[in-house]
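Both complexes shown next keep chain A, but they swap its partner, so chain B is in the first and chain C is in the second.
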Partner chain A sequence: MKKSVILLILVVYIASLCIVGFFGIKLRIYDEVVKVEKIECVTQSESIIKTEGNPDLAFLFNDGIEYYAGYFYSEGLSVTLAFSVYPDNATNKNIEFIADASTQYSLRDNGDNSITITFNQKASIVLIVRAEDSNNAQTKIRIDAV
Partner chain B sequence: MKQLKALVLMQLKDKIDLSFVKDKRQLLIKTILSVVKFAAVTAVCYLLIYFCQLYLGLFYVNEAPMVMAFLVTLLFALSVLSCTVGLVQTMYFSDDNKVLVTFPCSQNLVFLSKLLVFYFYELKKSFDLLIPIILAFGLFLFPYYVGIGYFFKLWIPIIFYAAAPVLIGALLSIPAFYLFRLFKRYPFSGVVCFVLVLSAATFGIVKAIGFIPENINMIEMLGPLQRAIRTFLINFENHSLYLTEFAYIILGEPKANGTYSTAGITFAKFGILVFIEVCLFALVFLITRFFFYKMMQKSFEHSKKQIDKQKLNKKHGKYSTFVIKELRIQLRSISEMISTISVYIAVPVMIFFLNKIFSAINTNVTGDNMSRAFNVLIMLLPLLASNGVVAKSFSIEGRAGYIKKTKPINLIFPLSSKLLINLVLSIPSVLASVLVFNSFNNLPAHCVVMMFFALLFIHYGHMFWSATLDIMNPQNEQYATTGETINNKNENVSTLVAFIGSMALAFFSYILFDESITAYQNLNMAFIKILLIGIAVFVLSLLMFIWKVKAFYYEK
Partner chain C sequence: MKGKKLLSAIVALVLCLSLSFSLVACNNLDNGGDGSSSSQNGSNNASSSVEDNSSSSNEGSSSSSNEEVSSSSEKIEITSVAKKDSFVLFENNKQEKINKETEFYDRDNAYQVGDGGLFNFKPSVSFIKRLSPVLFLPANPETWNYVVTLYVKNGGNFVKVEDADLESYVEEIDNVNCTIDFKEGAVGQTFKIEVYPEGLTADQLQDIATYTVTIEFEVISAYNVYNALELAYIQKRVSGYGDAKTYLNDSLITAWDNFFTEKGLDKNLMGSSVVLHGDISVTPSDIPSEYFYQEEDVSSTDGDYGIVIGSLLDYETIYYRYLENNEQFLFEGNYFTVKADQIPCVVRPHNKVVALDATKTSHSQLFMFQKAAETTGEFVKMQNVNFVGNAPKVENLQKSGGLIMNKSVADCEFYNNLSNGWFVNYFPELNQGTYTVNKCKAYDSFSSLLYVWGSKNVVIKDSEIIGAGGPAMIVDHVNPTNGASSYPSNVTVTDSEIHSYVTGQEGWFVINGGATIVGQIKAMNAAFTPFGKTYLYNKAGDTENTYLDFIALYKSGSAEGITTELISGNLSMNGALNPMDFGTYQEDWDGTGRTTQLSGLLDAATAAGAPAFVSSNGGASIFNGSYLSYEGTTQITNPSDPVFSGDLLYLYYSRMGIVFGYGNVGATISE
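And then the complex of A and B:
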C-alpha cells in the first residue's frame, strides 16, 4: 500500500474518533445535582473485633430497608467506622451522624465521612448515618460493647 | 554533461510518464489537471488548518509557525525513510542496472544520474503534499504575520530541501542494502524480523489501550488537549536538533510584533543548509559511490543459484498447478507477503482500538449509529485499499503475462487463482474484525453472520473488479523494463474506488441503522439490506470478471 493511502486511512480513523466524540455524546444537564442514593459502611467487621481472651463475635443482618450491623467488643475501646456514599459523582457527599446522647459512650465526627465511638462501659448504640442532601438516604447501625 | 543528460532523461522516462509533452493538447490537459489537483490539495490543507485553529482551538494563530515546523520535520523524516528504501531498489536492485553497467560512460556519471533521477522524482513528489502545506500555512498567516514575499521566496529553499532526504537516503542505503540482501538470502530472517516487529507492535497496542481513560468526553478534554499540544510543540522545537529551522528559513525570523520577515540570520541559516548538503554530497560521492558499482553488480551477477541437486519434475493436476504457482510467486517475495498479511492483521487490531475508545464515550442513539457506521468504514477501508495490489497483479508479470493466452485450460481458473491467497486470508481477518466489533456491541448472532458475509462479499466484489480493471487495461510494458512502476493507473483507480465505496457504504449504513432502530427497534433490517448490497456487488463483479475474460481472451 502506498504511503499516502496509509496516511489517508489514519486521517479517516482519527476523524471518526473526533466525529463520534463531538457529535455523538449524550447531552448532560449543565450543573446537574446528583443526590446520594446509598450509604454503606466500608469498615470490615474483622478489623474491629478485639480478641483479647474473649471469643468475640460479629455478624450482619438485614431487616427490611434498614441496614443493621452488630459488632461486639470488649469495653473501654474506641472503634472507627468509615462510610462510602453512592453514586460516586454525587454532588454533596457529606453525611451526618445521629445518635442518642449518653454518658456510656462519646462520638467524634472525623470530618472524612468516618466516626469514632469511644465506649466507657458496656453499652449499646444505634447510630443513624444520613446524607446531608435532601434525598434522605440513610443507614442504621447498632454497636454493642460487651 | 551530454552523457549525464542522456542518462538522466532515459531513466526519468521510466519513473515519470513524459509522453504527454509531445502532444500539445495532452500537455494542456495534463497541466490544467495538475494545477487543479495542486490547488485542491492546498485548499484542503488550508481548511484543515483553519478548522483546527478557529473551531477546535488546538493552537493559537501565532503558534501556526511551530505547527508548520513540526509538520515539515515529520514529512522530512518520512521522506528519508522512503528515499532510503527507494534508493536501495533503484540503485542496487533495478533491472535497468544490467544495461547501465554496459554503457560507455564513467561510473561516476551512472551514479550521479541515479541520484539526479531520484532527486527530480522527490522534487515532483514535494508538489503532492509538502508545498501545498507550506502554501496553506502562508495563506493562513498572510497578511498579518507574513508578507507577500513569503510566496516568492519559498521555492529556492524547497529546491535544496528536496535534496537532503535523497543524500541522507543514499548514505543509509549501504546498511539498508546489506539488510535487504540478508532478507533475500535468508528469507527466514525476514520472517523472524516480522514476528519481532509484530510482537513489539502488539505489546505497544496493549500498553496504549491501558492508557485509554474509562470515561472520554472530548469537549471536556479539549482544554487539556490544547495545553498538551502547546507543551508538545514547545518541547519538539527545543529537542528537534535544529531540524525545524528549515521552516524558519522559509518563514523568516520572528519580530517583536509577532510578524515574520527575512533577516540576516535567515540567509546564514540558508547558507548552513547549503553547506550541510554540500558536505552530505561529498560524503555520498566518497562513500556510497565506492560501494555502488560493487554492490550493483553483486545484486544480479549471483542471482541465479547453481542447481546442484536434481529434482524429479513433479506432475500436478491442471488446476492445482496454478494454485501452487501463485503460492510460490507470493512466498518468493517476503516483503510483499508481509505487506499483504500486515493489512489483514492490522484491521482487527484497529477495530479493537476504535471500539475501546468508543465504549469509553457516553454516546446517545446517534452516536451509537455513527460508531457502528464508522466500524463498517474502518473494516472496509484498509481491506479495499489493499486490493490496489490486485489491480496490478496481472500487469506485474511484465511480458511474461502474454503467456496466459496460451494456456490449454479455461482461463477463468488460472486468472482467479491469482486472487486465491487474498480471498482466503481475508476470511479470518473479516471474521476477527466482526467478532471484535460484536464483543463491544452485543448484537444477535444472525446480525453478526449477516455483517460478516456482507463485508466479505463487498471485499470480494471489489477484488474481482480490480482484477477486471487490470485485465482490461494491462500495464505490462511499464513493468517490463524497470520491474516496477511508480504510477499505475489501475492501482490508483482501484484505491480511489475503495475510498469512495467504503465511505458511501458507511454513510448508507448509518442511514439504515437509524431507520431500522426507529422503525423496528432492532438492527435486523439494516443488516439484511447491507447483506443484499454485498451480495449484489459480489455477483455483479464476478459476472463482469467472467464476461470480460471471455471477451478479452476468447476471440469468436
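And then the complex of A and C:
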C-alpha cells in the first residue's frame, strides 16, 4: 500500500475521532425540564439578627430531619431565613412558603427565596418550604420566638 | 511486497475497529438512578413537635388535667398550636398557583375523611423546655392530653354532637392521640372538630381561639390512608383470572400475602376505597421485593447485567384492583401527591435479556383496574390527586422503561388530577365502556400522555394535556383484521388543550425509529406555506429547530411500529367541523359500519402510497410528491380551499392517521 494511502487513512481516522468527540454520536434536542430535588436552609447562625438589649443567644441547627431555630422574643423581632434549591440547573427554582395562618406572626416572601417572619408575640411557627415545580420537593423549619 | 500489503491491511483494520469502539463510547449510556429524590415531604405523619405512644380513649368532648413535667423539674411550655401539616398543605394545595401546571381546576372540594380506620387530626403543637432563664430547647413530650369537641352540620349550622348522636356517628374518640373512628352512620355528614391542648397558661386560656385548631370535613365510605404501605389496601387480586397479559402474576399474589404478614397489614382491608391524608411516596420498600430482579434471577453473562439488578419486572402492576358487578372504587386524593419517582424503571422488555444499550417500551403500571368481560355496573373514580412518576421527558433513554400511571378495562373517571413524569399517564386498555379524563392536567411524559388500546369510548373534557416525548396520544386499533376480536379506538375531546411540541429527535422517536419519517413529514409542509398555512412551528429562543404539534397517532396495534393494515377509529376534537375518521371498512366488525365522504379518497391515497391531508374544516388533498392535489393530478391552487383552514390537519399515510396542530405561517410556540 502506498504511503499516501496510509496517511489518508490516518487523517480520516483522527478527523473522525475529533468530529464524533465534539458532536456526539446522536444530536438530540430537548427542552428538558430539570425538577427541584432538594431545598436547604442556608442562613447561618452568625447572620441571625440580634436584638439590642436581649441575650444574643439564638441558634439554628439541622437535626437531620428538619431545621430548627430558636430566638428570645422581643417586640418587633423579625427573622429572615434564606433557602437554596438543588440541583443548581433546576428549570424553576422558585419556592413557596406555607404555614398555618395565625395572629401570632406575619410572613413576608421577599421574592428571592427568602422569607421574613415578624413575631407579634411569643410564639412558634412551623414553616413548610416547597418548590413551585411539580416534583413536590419540600423541607420544614420550626422557629421559636419565646 | 505481500508482507507489506498484509501489514497495511492489518493497520487499516485496527484503525477501523478502534474508530468503531470510540463511536460506541460516545453513545449516551447514562443508566443512573430513576429520579431519586432527597426532598423531605409531608408524608411523615408525625406532628412537628409531639410523638405519642399512649392510647387512652374517651368519647365525645373530653378534658383531663394532665400536665407533663420533666424529670429535672423544668416546666414544659406550649408556645403555639397550629393545624397539622397535612391540613395546612391541603389548604395550600387548593389555592391558585403561580405555576399553573400545579394548580387544580376544581379547588372547591371539602376535606374528606373515611369511615374506615382512624382519622388523625392531632394539631401541630410547639412545646419548649426552659433549661434556664437564658436557654430553652424544643420539647417532645411522649403524651399529652387534648380537649376535643365534635360538631355536626345540621341545616347549615354546626351542632355539638352528644349522647345518642355521638353513638350513631362515632366508634371512639381518643383525646391523647387525637384520633376519631367514624361509624358508617357518619357517611354523608359534614363535621367540625375543635381541639386544643391541655396545660395552657391562664393568659393563653384568655386567648383560647389562638390556641384552638378548627377543621371541617365530610365523611365518606373509604379507608383512611397515611402512608404508602396502606395504599396496598386498594388491591384485589383474583387468582386464576386470565393470562399473563391481564397483568396478573399469581406468584405476586403470594408475594403480597407474605408482604402483608411481614408488614403487619390487615388482609381483611384489601379491596377498600381509600382517602389520602398526606403526600405519599411509593418506594421499593413499600412493595414486595419480587417486583424487582434480584441477583439470583440473573447471570453475570447477561448483556444487561450491569443495570438489571433492582430493575422492575415488565408487564406488572403494582396496585391491581379487580372489580365485580356493580362494584364502586374511589381513590380520593384530598389534593395530596402520590409519587412513584423512586420506583426503578423496567430494563428487560417482555422480561427478556437485552443488550446494555437496548431501547425498550415499558408495559408496567402503578394502577390497573380490571374486570371480566361480562361484568357490568362497575365504576372507578380517582380524583383530586397529584401523581408524579419516574419517566419524565428527558434525554435518558432508560426512562423508556418508566411506569405507566394507570390502565383501566373498567368504566372509570379521572377527575381533577394533576400528573407529571410518567412513561404514559392515561391508558385505557380494551375498555368497552367509557374512560373519562375530566378536569385533569397532564404534562411531561417520556412517551405519550394518553395511550388508547382498543378502547371504544375515551372522553377527554375540560382538560389540559401537553408535553410528551412523542405524540400527545397514541391510539391503536387492536386486531384490525380479526373480526369479532377487533377493537377499534375512538376519542372525543371537549373544551381541552392537547399538544405535544416535538422536533422529532426526542427519545421516543429514537426508540421507535421515527426520525426519518418526521423528516419527510416536515418536508411536505412546504406545500402549505405558499397558502399561508403551516404545521411546523418555531419556538421562542430556539433558532435551530422546527416543532410539530404532534397531537395524535392512530395505527394498528398489531406491531409497535408502522403497519399497512386497514384500521378504523376516530377523533372528534373540540367540536371540529370535520372529525378525523378512518371511514369505511371491508367488514362490518362492530355492526355499525361507518362511511365518510373521504373513504374513497383515503383508499385511493393509501393504496397509491401517497399521503393524504385532510383539514378539520373538511378540505382534502393528496400530496403527489410535488404539490397538493384533489385526486393526485389536479393541483389545488385556490387559497380559500377548505384544506387551508381549520385548527387541525390530519395526515393519512401508510394506513396510519396523524393529527397535527395547524396554524398560520409565522406562528410560534412558547412552551
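Annotations
Throughout what follows, the second predicted complex is superposed on the first by the 89 of 146 C-alpha atoms of A that agree within 3 Å, B and C clash if a C-alpha of one lies under 4 Å from a C-alpha of the other, contacts with A are read in each partner's own complex, and residues count from 1 in each chain.
Keep in mind that, in the parts below, a contact is a pair of C-beta atoms (placed from the backbone, for glycine too) under 8 Å apart; a residue touches a chain by one contact, two chains touch by 3 or more.
This one's a predicted model, so the numbers in the text were calculated from it and none came from an experiment.
Contacts of A:140 after superposition: chain C is touched, whereas chain B is not reached.
Chain A has more of its residues touched by C than by the other of chain B and chain C. By the touch criterion defined above, A:5 lies against chain B and chain C together after alignment on the C-alpha atoms of chain A. Common to the chain B and chain C interfaces on chain A are residues 1, 5, 9, 13, 16-17, 20-21, 24-28. Residues 1-5, 8-9, 12-13, 16-28 of chain A are the ones touching chain B in the complex. Against chain A, in their complex, chain B makes its touches with residues 78, 82, 128-129, 216-219, 339, 343, 350, 354, 357-358, 361-364, 366-368, 370-371, 374, 377-378, 381-382, 385-386, 388-389, 495, 499. Chain C makes touch with chain A in their complex at residues 4-5, 8-9, 11-12, 15, 18-19, 22-23, 26-28, 36-42, 48-49, 77, 79-80, 82-83, 85, 87-89, 92, 97-99, 101-102, 124, 126, 128, 134-138, 210, 279, 337, 339, 341, 386, 388, 392-395, 418, 420-421, 443-444, 503, 505-507, 510, 539, 544-545, 671. Those residues of chain A whose C-beta lies close enough to touch chain C in the complex are 1, 5-6, 9-10, 13, 16-17, 20-21, 24-33, 35-39, 55, 57, 65-66, 68, 70, 72, 92, 94, 96, 98-100, 102-104, 122-126, 128, 131-140, 142, 144, 146.
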